[in-house]
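In what follows, structures are represented as structure tokens.
Two complexes follow with chain A in common, the first pairing it with chain B and the second with chain C.
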Partner chain A sequence: MSDKPDLSTGEPRSDSSGDAYVGLLTQIMTQTLDQDYLDVAQRRESSSGDSPPRWQVGAVAVLLLFGLMLGLAALNTAQEKPVVAAERAELIEQIESNQGKLDNQQATLASLSDEVTKLQQLLAANVADDRLLTNQLTSLGIDAGTLAVTGPGVEVTVDDSGYSVGESGGVILDSDLQLLVNALWQAGAEAIAVDEHRMTTLTAIRFAGEAITVDYRSLTPPYIIEATGDPDTMPARLLETRAGQAWLDLEANFDIQFEVVAKDKVSIPGDARDNLLYAEAKGAS
Partner chain B sequence: MAVLLAALGFAAVAQMRLTGADDDYSGQRRENLIELLESLAAAADRTQTQIDELEQTREELLSSSERRQIAVEEARQRLEVLTVLTGTAAAAGPGVTITITDPEAAVTSTNLLNGIEELRDAGAEAIEMNDRVRVVASTSFTERDGEILVDGVKLPSPYSIEAIGSSHTLSEAVIFRGGLADEIERLGGKVSVEKADLVEVQSLHSIDAPEYSQPTES
Partner chain C sequence: MIAVFGLVLGVLAGLWLEPSIPAALQPYLPIAVVAALDAVFGGLRAHLDGIFDDKVFVISFVSNVLIAALIVYLGDQLGVGGQLSTGVIVVLGIRIFSNVAAIRRHVFHA
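For the complex of A and B:
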């Protein structure tokens, strides 16, 4: 630095000597600054300072420059921001909204899954209940006579005699049929129908007007009585009963038809009536 | 001065940064964000599909469950009726209590069967004899050595019949001209009918599983 002009009159420059790396700009600025300081010092010495000192002007300029640069930078950022940042913000907004949506969906899914599991358990219980009930309904339905049944058994055909013997000797009465049905139960029948009318605990065999009625419907002879049961033993057991004997008498003495035939298969309809008007069950079976 | 300015500048930059990234994604690049958005959309699609499927399942289960519930409820009601009809459950309701005296031991099983048929005709829904035997469809009336057996059970006189149904209709059926009362009186016995708002039929009929009868396939 010995070749450089030594201008350090106002301000000490401790680092100026021996600094070989000082760049041109720095040099210029430093010189300018130093020059300013020099000028200011000179002015202070010459005049009493009615005009602003030169270094102040410089500082303002530097600040202005800094401000300008800052402003430019800010402007630059502000100009780029709406493009990049707005897109970014929109992305983030979408991400957050999708995240929220997914959270909601997952909550819905969890509660749905819960509900479905419970429903499945309920249904499984219902199915088990239902199966049990169905089995009970079947076995009770056969016994009650509400279900149609098929099976081996007997078919009994009875008919009035072709001619009138005495007053009513040749005509089958309701009590004759009652006793025949009664005898079939005795002989081990499981289900009985008289002219396709299932005998239930509610079924009455009566005489109304000129005809026998079953379930309040008039029948006309011949009457066909079908019963499921052991086809091998039922006919014999039937004939052994008092009613069976009585019917054999009727056949012999009044020419009434009384025919008992074992069958491989008889079909007995059900009586669909399954509502009660007065009786209420007390306790399950 | 320089320090102050630097601090100011730093603060300004920091402020700008802050306003631009007030979220968790400050470290993420744009491509990452787009990728995240896409995978979120895919996950949402998958979840929605699952939700749709489950909702359908739920609807099916609900309607199925509801139908079953109704079916089970109906089945229970039918079962209740069947237990009364088959005599496997006790029954209660309005009805009559009939007492039959037979001082001359002239009453036959046929008389009693005829009386039961009259009660059935009058709409009896549950019948019991002598508080011992439940009268059902298959109940047989027989005699052995001058004694009356109902379903094989020896019943001594006086006979009592409890029947549930319309008490008026039932009592009319017994006392109508030529009916059970007339018939028994003709045999030297007496019939009294007592109407009641509550008749309890307690005795039960036990059923065996049918051996020969199968429900008819419809």
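For the complex of A and C:
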């Protein structure tokens, strides 16, 4: 316990050999000579005896070994130098070549992303065009009668009076229906169908034998005519036309059924024929 | 004189014969050389002080080399081999410097 440093005063302790306690680093720097040399020298002085010759041989052998180690270490380092340098050069070369590759790929990336941007712009433009064309096609299809449509409109039901003309009854003629359809156009109809037959620019309403034909197909009364348009104004506008007045007369004088009903939704089929038979667009091949 | 002759002979033998060291011992050769260098300079200083002793020299040499290699081996196993090598080199370097300074004082009396 007495060997421990006095913590309260911080005084260096003194050890058994009488040397003052010093820090580790100081000890390393000051006591460089092995203490054994001094001890042995002191003992020798007292006994006055030389070391036995076998230790001298040992010292020479140790020195030989030291020389050997020295030579080998030097040799090893010298041998490793070119290897290390070659590895280093190879690594530098790899770094440079990879850096070149990286630069190339970055340039490619930049040009590719430019291309992507251009293509995206093109795509956006095309999509906009496409939408425009689709809208145009839809409105053209509605006008031409190739597209089936639904929407608010009116439903006109007409029927023969049920007895012959001579008995002050009436049969609806093709001209009557033609007038009615034209009156509907006049009243603002966008699409018209007679008994589920779409009225297009090429649809004929004819009288063949006893029956009225629409698009060369015979119909039987009652005839139901559907038209899309403003359901609030169309019935009134229809009756204001000359044909509407004529139909009111027919109803009054010949007991023909003529009923105009506004509807929230009417369905009008499309005409399957969607190509022109004779006409060709000017300039088109 | 015999000692210097042995040293030179050893170096020449090492350079010419190129004996192969086991690969496991190769990493410890440089640190062993530095430790041996410390023992050799210590012996040289003791010789100049007139207190050289063959037995002490041999024992200090062998123990220096073995302990230095052992410390580095231990460091390698613990994952601090590089740091321990540095520590050993620093301590031995300080001792070598001090011993060489003492030898210089003996030789040049300055």
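Heads up, the rule we're going with is that the second predicted complex is superposed on the first by the 146 of 285 C-alpha atoms of A that agree within 3 Å, B and C clash if a C-alpha of one lies under 4 Å from a C-alpha of the other, contacts with A are read in each partner's own complex, and residues count from 1 in each chain.
By definition in this document, a contact is a pair of C-beta atoms (placed from the backbone, for glycine too) under 8 Å apart; a residue touches a chain by one contact, two chains touch by 3 or more.
Please read all numbers here as calculations on a predicted model, not as lab measurements.
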item	value
First, second, both or neither for A:T201, with chain B first and chain C second	first
Which superposed partner A:N126 touches (first chain B, second chain C, both, neither)	first
First, second, both or neither for A:W55, with chain B first and chain C second	second
Which superposed partner A:L68 touches (first chain B, second chain C, both, neither)	second
Residues of chain A touched, compared between chain B and chain C (which is higher)	B
Interface residues of chain A shared between complexes with chain B and chain C	66, 70, 74, 77
Touching residues (chain side chain B, partner chain A) in the complex	5, 9, 12, 16, 20, 23, 25, 30, 33-34, 36-37, 40-41, 43-44, 47-48, 50-51, 54-55, 57-58, 61-62, 64-65, 68-69, 71-72, 75-76, 78-95, 110, 113-114, 117-118, 120-121, 123-127, 135-143, 164-166, 200-201, 207, 209-218
Touch list for chain A against partner chain B, complex	66, 70, 74, 77, 81, 85, 87-88, 91-92, 94-96, 98-99, 101-102, 105-106, 108-109, 112-113, 115-116, 119-120, 122-123, 126-127, 129-130, 133-134, 136-153, 174-175, 178-179, 182-183, 185-186, 189-192, 199-206, 228-230, 241-242, 267-268, 270, 274-285
Of chain A, residues touching chain C in the complex	28-30, 32-34, 36-38, 40-41, 44, 51, 55-56, 58-77
Touch list for chain C against partner chain A, complex	2-3, 6-15, 18-19, 21, 26, 29-30, 32-33, 36, 40, 42-43, 45-46, 49-62, 91, 94-95, 98-99, 102
